[in-house]
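Shown next, in structure tokens, is the structure this report addresses.
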């Protein structure tokens, strides 16, 4: 009813958390904690806002980030810029929707702005007012291998790090020369941390994702306790693929042994089962992307927890976007990318979108059920199993950084490994 | 906006209440008071969760209690058990709907539980984790004469008391050998106390319930100021019925003089007017229930304020359920029971449900209008009349027990007389 | 989440406001500030509740004011009275809708009230209860030249002032002998201050109101920076109209030079462009109103900021009602009045309502876009331009009076000049 960070005693909540157990209820529910996150931790995170092909010259697009409406446009140098969609006069929203032109004109009193954010015109402005101080306010923005990444207050060193980890691989796999062939939204009634935890563990795959389990051979070792022999057999199959079948030109490294993947990384492995791509029958759904010269049946995963994920197959890629909307609501958007030379007439969208549409629909239901359960007075944190090392690690880091925020010392960037 | 029990000064609100007057506005509106009630007073109350016939063997049903999803199932001994619908792993809701089987399996990671609540299986659980501590959490539950009564934290002595007051009569009148023939829901936009007060007074009957007033002879003395002569005449008719017409086998006692009924009781009286049951024409709607041997035109009322009510006629019974949902919303559900030997083809549901459907629709409108009025800045507590002794008594006890809760001394159970 | 006037530090917010700049975000958004306004400042304001013709004898109508349901009825002396729609018994709303009769009867327990508010009957009321103290609670009410003005706690001297400024002109222009020919509602998702600011400036007219700009000649000087020559030319046209064409009988004064209009005033000027009224083609839409003897192409504006506005044309009038509903919602209602002798069959409603329907639809969109923008973390107060003297003045006075309320000294009435 009236909780605050103080009345909740967030510091005590953090101190009481038991290592290896899921978070206490307020972390998944409390509007006060959500506001605290949004005023600090979330504001420093990087999010995929759009694909670079979506922002042309003499055009602008509107995206949303943490409840903020953001205008994306390329300035004269071709650099994508991100602005809060708020007029500096009396605060009107400027753009209702994507549009074309060479300026942003507020529909209230016609104040206008250039694509670099500067004020271009404002009638009857009193003489003493400093026009230079009335440009649109910016967010942090960077374009990395075709992905437009934004953060309300992200630091430049973090964007440089994202670039160093992701850019070369994304370019090799053709993400910067791709276009969006399909996009679907999955508004999910659950805290963003439930969404984030769900996305990084495969313990639920065999129970809840029959389609994904039928496609991806790594489910064998990620989704259930496996014998040492089974683990070795799986590792051998990966090693063989890497040496014999894998495209040797890609700069993306092989998935590590036992899938010990870091929180920000690019990595590559085989789909398995003789499949060439993540289609239902395993056969291609589009032309090869980027510099790849043949179908090697691999997938490359580009990831920086908790919000940046892209899976690149030989012939398409799947871009995931997560937008925390409130303590109990997260928007998930999935985009399917193909090479920008592929025509719509050469695509069968139902084949292209099959796996990740059905999987995301399933994940939405899992998260929403989880959200209902943690809302109960009977909920108490439970133990992560051995197959949930990644959500356990994410929760650990989240708690450390929240504590640092409470201490007034801004924590390290969340994309740290 | 931001009230709390402290900022409201609930203690002062209670102290300021004038005996014989309705409650101050915050009691009917404040989310903070509702949360306070739900954390204490409401949690100790007993509610009708279901009829016993609804929970078969090898099956489970899902009910809601004070915002909590509850699983009801019979264990191997046939005893009904009630569990919070929350997985002990990461808190997922386990069951979306009623189902069949011999275990409860969480759809997230397949943890499963037996019908006694114990954990049956959980893959990859770390060695150090105590499985015995991971059973489903229980609520207080008891089955009384065919009614499944539950309480989030009700004490055993209270359930024993309910049993001693209600069980023998319920069994005699066949409630334990009945089935649900019809059920309707009446979500009501009003605080549960407005619903509770409305349900226990008949001062509004002649104004607002023409159907009920045409059926029940006691409206004569309950709904308007009656002369001593009229009261005596009514009492005489009750006495005559008791001696000459009433089924002599029932253990349920006669309604007391002047309807001075206690807050938890079973009592019996005549419908009056020559009617055999509460149908529109007064004629039977189904076969006799329980041990009754003839139509005596009586009704038996089983009641424990403020949430347990069942009216048993010779040939059917009406079971009332009340679920407080928020400070300004209460769900009301009415179920019509008949002997489990009566076939659907022998029932005319419109005749069976006529009186209490039309009456509950009317009550819903009354309560919702009351809720709108008490929300006004102009509302101030008004005087209960001489015909509203029951709501006045209920309000008195409620205030005493709230005060006890505030004092940190848990009050006596609300079903005390 | 849990802000209060204290945690917001409203006093500091007021102190930090820069003269000539729009308000800080919380003034446009905060539920706590809205509740503070509603508990004081708003409660003293006067609102148009209805047109006098809407309240007949032996009838009552229901209107809403600041979230309160209000009953309007004429007592035996013909004076309009306003009562909170709340029964003094247990607080039920009494009337669901407009009705006829000579008493107000509560549908719960039939308590009834006379049209002067006094309790007429209540069955079974205990002897000790004072019936005289159980009349309906009143609001402040006055009928001024055909307008029923109400205030939850407005002082009599303010209503007298409204009368002295508005009444004679309203009567001359026939508002007291008019009827409502059409009415439309425009629920607007924005704080009432955004609505109020928007209504009193025309800086946005040429950008956002093409229809209004095509009709009203004063847009030339109100909507854009005008040269001294242009201002002089406009003033000359007004002067000429006043001397040669304007109806000389009206007591309403000419609009002042440079439109320096006071916050509570009646004033008169020419529409311009040869138009006789505010129709699309400039030709009459109804018969002359009041004492006017010919079409002079003028408009008379009756206004007391921030909620009382009526525009009187020669043949019709437009009455504006504003109802703050929450921190982020305001209801706007527009009524079109004609002489009560004009029959519906003589009216073309689409011609009558054209200008202010299209203009209010546009204003609703402007305010809602403004509300979205000020909700951003990037919003900061911006400079009012030279053409926004009226909203700047309104904001100034609002801040002064809010400060006075905080100081515990009730401020001067908001309708002060």
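Worth a mention:
Order as written gives the chain letters A, B and C; numbering starts at 1 within each chain.
One rule holds for everything that comes next: contacts are C-beta pairs under 8 Å (C-beta built on N, C-alpha and C of every residue); 3 or more make two chains touch, one makes a residue touch a chain.
Because the structure is a prediction, the values reported are computed rather than measured.
Looking at which positions face the partner, subunit A and subunit B present mostly different ones, since fewer than half of the interface numbers are shared. Bringing subunit B onto subunit C by least-squares fit of CA atoms involves turning it by 120°, to the nearest 5. Rounded to a whole number, the gap between the C-alpha centres of subunit A and subunit B is 49 angstrom.
Contact with two or more other chains is made by residues 2 of subunit C.
Partner subunit A is touched in their complex by these residues of subunit B: 2-4, 7, 31-32, 35, 68-69, 84-94, 96, 107-110, 122-126, 129, 134, 137, 152.
In the complex of the two chains, the subunit B residues touching subunit C come out as 1-2, 20, 22, 197, 203-204, 207-208, 224-225, 366, 369-370, 372-374, 376-387.
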